[in-house]
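Following are the structures in question.
Same chain, two partners: chain A is paired with chain B first, then with chain C.
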Partner chain A sequence: MATDREVLREIWEGKLPVCFELNQEEVNDLQAPEPYYLIVPRLSYFPLVTDKVRKHFVKYIHPDKLDAEIWLDYNGTPLKWHYPIGVLFDLNNSDIQLPWTITVHFDKFPEEELLHCTSRETVETHFLSCLKEADALKHRTQIVMNMQKKDHNQLWLGLQNDKFDQFWAVNRKLMEVGGEESFRYIPFRCYYKDEPCLQRLIKPLSESGCRKTLSQLLEELNMLQDGLSQLKVTTHGIEPPLDTPLQWMSEHLSYADNFLHLIVSSVG
Partner chain B sequence: MSDSENKEGINDSSDIPKDADVSSENSENITIPSHSGDSTLQKKNKVDIFLKATANAPIMKRRKWTVDHDKTIAWIISFLRKYFKLDSSESLFLYVNQSFAPSPDQVVRNLYECFGTDGKLILHYCQTQAWG
Partner chain C sequence: MEGGSTLSWRENIINQIQNRNKEQLFKFQDLITSHNRLFDNHNALRHENLQLSIQNEKLRSEGAVIHHGNGNVSILESKLLAQQEELTELHKKRGENAQMLIDLNKKLQEKEKKLQMVEESLAERTATNNSLNKEIERYITHKTELEKVNQHLRDEHQALQLAFYHLEEKLRKAQEENSKLVDQIMKYKSKTAEKMNEENENFLRKCNLKLQRELEDAAKDMKGINFDAIPEDGPNMQRSQVPSKAAVVFDAHDGVASAVQWGPVDRVIATGGEDRKVKLWDVSKGNPENRGVLGASNAGVMSVHFDNTGTYILAASNDYAARVWTVNDQRLRVMTALLFLNFIDIKFDISDNLQVGF
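Take a look at the complex of A and B:
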């Protein structure tokens, strides 16, 4: 089970300053609205923090679009609401200046690029599904499935209301190794170049029982053609050392969905 | 979430057998036995999927299909919607491991690599949410 509680708290408290601007082409008023500033948790999802943003801008748009679903873009790239905010930031990290300026749209929903999100329930369903998938990778006997509905609610409300203790009181059960030395497999999603994210079965221990490290994960994903020194791995805005054990990473650096989200990029 | 898929289903009324990406029973791909190892399938960049009906979902005449490994869950859902000629108001859900619903933008290969058994990926489909 996760023991370095300080690390868990640091990760939980990761925040990003965001400046939301309404898409200029959608301004239907003599005066353009002021931008809207928010500090948002890295572990959260945009639909959970943008109610006020919507309310702020909705007065300035064409009345036909009052009920439209909002969507966001950074620098022309639509932002996927089903990725945690911190992942979206780290994916664009190299050229973002703070505050992170994001454009808000009510019109021209990019059907090809984004999934619809009609309510918070859509996010909840996605979040629980990710938890179940991660659980299926980690444990022989699944834990989430045997939890009560109130435990699911507690995880979800903990995330939604940014309550560390509430979330971790239940999440620690998901991070237990259940009598084994480690998880069965490490739940991770790896983002490299513009490819769809990569998921593979990777065990936290080698055949001889040694703890595998981040560099061994890269090796198993066949990413080391140009050598270790050419790659950089980012998560939560930091670059964990490549000799960090995977099991420890999974327990401490996973997002709320219980997945490690690793952004791999080439150096230089 | 399913709006875009619905739209696609309505607009594209092409017959399923003509769909070039899904190999039919009689095509050359069927010569790949389902127990063929990962290497054979990966060389061809194909994945065997096995579609199983759950609850009251309609049954498919054939359940094993071979699809390109970079196809998404949204694509498979859209394929099933066309196959069953579902109305846009009817929903369809896909589950892996009888436990979780993969994200529509998830690619089949990731699921096959992590949850495939005996050279194929089993996907359960149903018209009501089965496993929450």
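Take a look at the complex of A and C:
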């Protein structure tokens, strides 16, 4: 069970400075608007923090586009709103200069690359479905299904309003091992190069009953052709040591959706 | 791994997070919060500025109105106009009031007329009331007279009733006498009957004696008669035929056949037996043909009988009952009440009513 509150707290408090700029081509005013700076939580999602940004920039765009959905890009690549902000940052970490400068668009929605996000409910639906998927891997969905609607709401509101205690009061139950020694499988998503994220059924214990570590996970994903020293695993902006047990990582280093998001890149 | 490899993975992770925060967050946090504050201030000021300019504009336009006005005169004129309007309104009101007064007067007159009419009708009513009262008095006197007559009649009635009782007593006495006389007559009659019987018996005895004597005389006379002298085919003698052979013999019942009867029409025979059945037979073709079996009896059938037309058949049974069937459809039509004696024979009488003999 997740007992290490210090780590949980640190992970929860992870935040990023972001500078939002309006796309130059969409400015419909004599002077370009000032950039908007925000500190955003790593565990949150962009649609939950961009209300003020939209309000700031909406005065400067063409009146026809007032109701358009906003979308974001960094360096020309659209940012997927359904990834947590921390994951998006870590994916591009190699060439980001802080504060992270993101361009805001109202026009020309990239239909092929992004999903539409019409409201916060869309994000909520996505969030809850991720939770259920993770629970299915960990406990065969027993815990999520036994929760009441108000527990789901509490999880969502805790994330939305950045309330650590509110969120963890419920999330604690999801991190329980429930009489056994560990979860059935570790819910994780692994991002390697530019391929879509990788998901496998990996148990937290080996056949002999020993706790598996991060390096064993990489081994099972067949990523060790070039040797351990050639790989770099990043999550929450840090590189966890390769001998960290998987069970502990899943309990403490998961994002709010209960998934471990591991960004694997090769050194050099 | 800046934390050094000697630390455990947990401390390593915490160190990394703290370093991350130092690099990524703390450098910018204050800057961005102050930036946000400035932004908010800027927005608030801009909003305030907008409102002030609007207020300014409003005040300016008001000032213009005041400049263009011509002071007191215009105010007085407007007051005058208002007063005049008030005056005309008051005039109008007065006219309305006068009109209302006239209307009310008219209404008053109408009401008075109505009142008069009501009074007249009241007088009429009282007159009729008086006449009715008189009539009532007359009826009362009439009633007393009738009561007197009634009393008179009642007295008479009582007297008559007394007379009636008297007469009734007489009648009863007469009846008693009458009954006594009837008894006497009955006695006399029985006596005469006895006498008659005696006479009859005597007569019969005499007759018998006479007959005996005659027979004795005749026996004495027989000695002289020669039988051979009588011719064989004498004109006065006819040979009678006694049936010696049965035309048809048949078994009608299981056990004893106790009753048999010819039907009045056709050649139909009804038989009744100890087997509790009545059977109908057609013998017109020489040999018997069963036409039907009439059940329903609860004991042996003792007697059967047709009515005159042959449509009904009657049977008496040892179960103390008599039953009637129709011949055509062979259905039970009548069953007599149970009796305490067995039927031995029964007959239809001429009018087809059931008559029973024991």
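Please note the rule applied: the second predicted complex is superposed on the first by the 266 of 268 C-alpha atoms of A that agree within 3 Å, B and C clash if a C-alpha of one lies under 4 Å from a C-alpha of the other, contacts with A are read in each partner's own complex, and residues count from 1 in each chain.
Everything that follows uses one rule, which is that a contact is a pair of C-beta atoms (placed from the backbone, for glycine too) under 8 Å apart; a residue touches a chain by one contact, two chains touch by 3 or more.
Note that the coordinates shown come from a computational prediction; the quantities given were computed from them, not determined experimentally.
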{"item": "Fit or clash between chain C and chain B when superposed on chain A", "value": "fit"}
{"item": "First (chain B), second (chain C), both or neither touched by A:Glu181", "value": "neither"}
{"item": "Partner chain in contact with A:Ile11 - chain B first, chain C second, else both or neither", "value": "second"}
{"item": "Which of chain B and chain C A:Lys132 touches, first, second, both or neither", "value": "first"}
{"item": "Partner chain in contact with A:Leu115 - chain B first, chain C second, else both or neither", "value": "first"}
{"item": "Touching partner for A:Leu201 - first (chain B), second (chain C), both, neither", "value": "first"}
{"item": "Touched partner set for A:Leu38, first chain B, second chain C, both or neither", "value": "second"}
{"item": "First, second, both or neither for A:Glu219, with chain B first and chain C second", "value": "neither"}
{"item": "Partner chain in contact with A:Glu25 - chain B first, chain C second, else both or neither", "value": "neither"}
{"item": "Smallest separation of CA atoms, chain C relative to chain B, angstrom", "value": "29"}
{"item": "Residues of chain A contacting chain B in one complex and chain C in the other", "value": "none"}
{"item": "Complex interface listing, chain A residues touching chain C", "value": "4, 6-7, 10-11, 13-17, 34, 36-39, 56, 98-99, 236-241, 243-244, 253"}
{"item": "Interface residues, chain B side, partner chain A - complex", "value": "1-4, 7, 70, 72, 96-97, 99-107, 110-111, 113-115, 131-132"}
{"item": "Chain A contact footprint on chain C (complex, rising order)", "value": "1, 9-10, 12-14, 16-18, 20-21, 23-25, 27-29, 31-33, 35-36, 39"}
{"item": "Touch list for chain A against partner chain B, complex", "value": "80, 82, 111-112, 115-118, 122, 125-126, 128-130, 132-133, 136-137, 142, 145, 185, 196-201"}
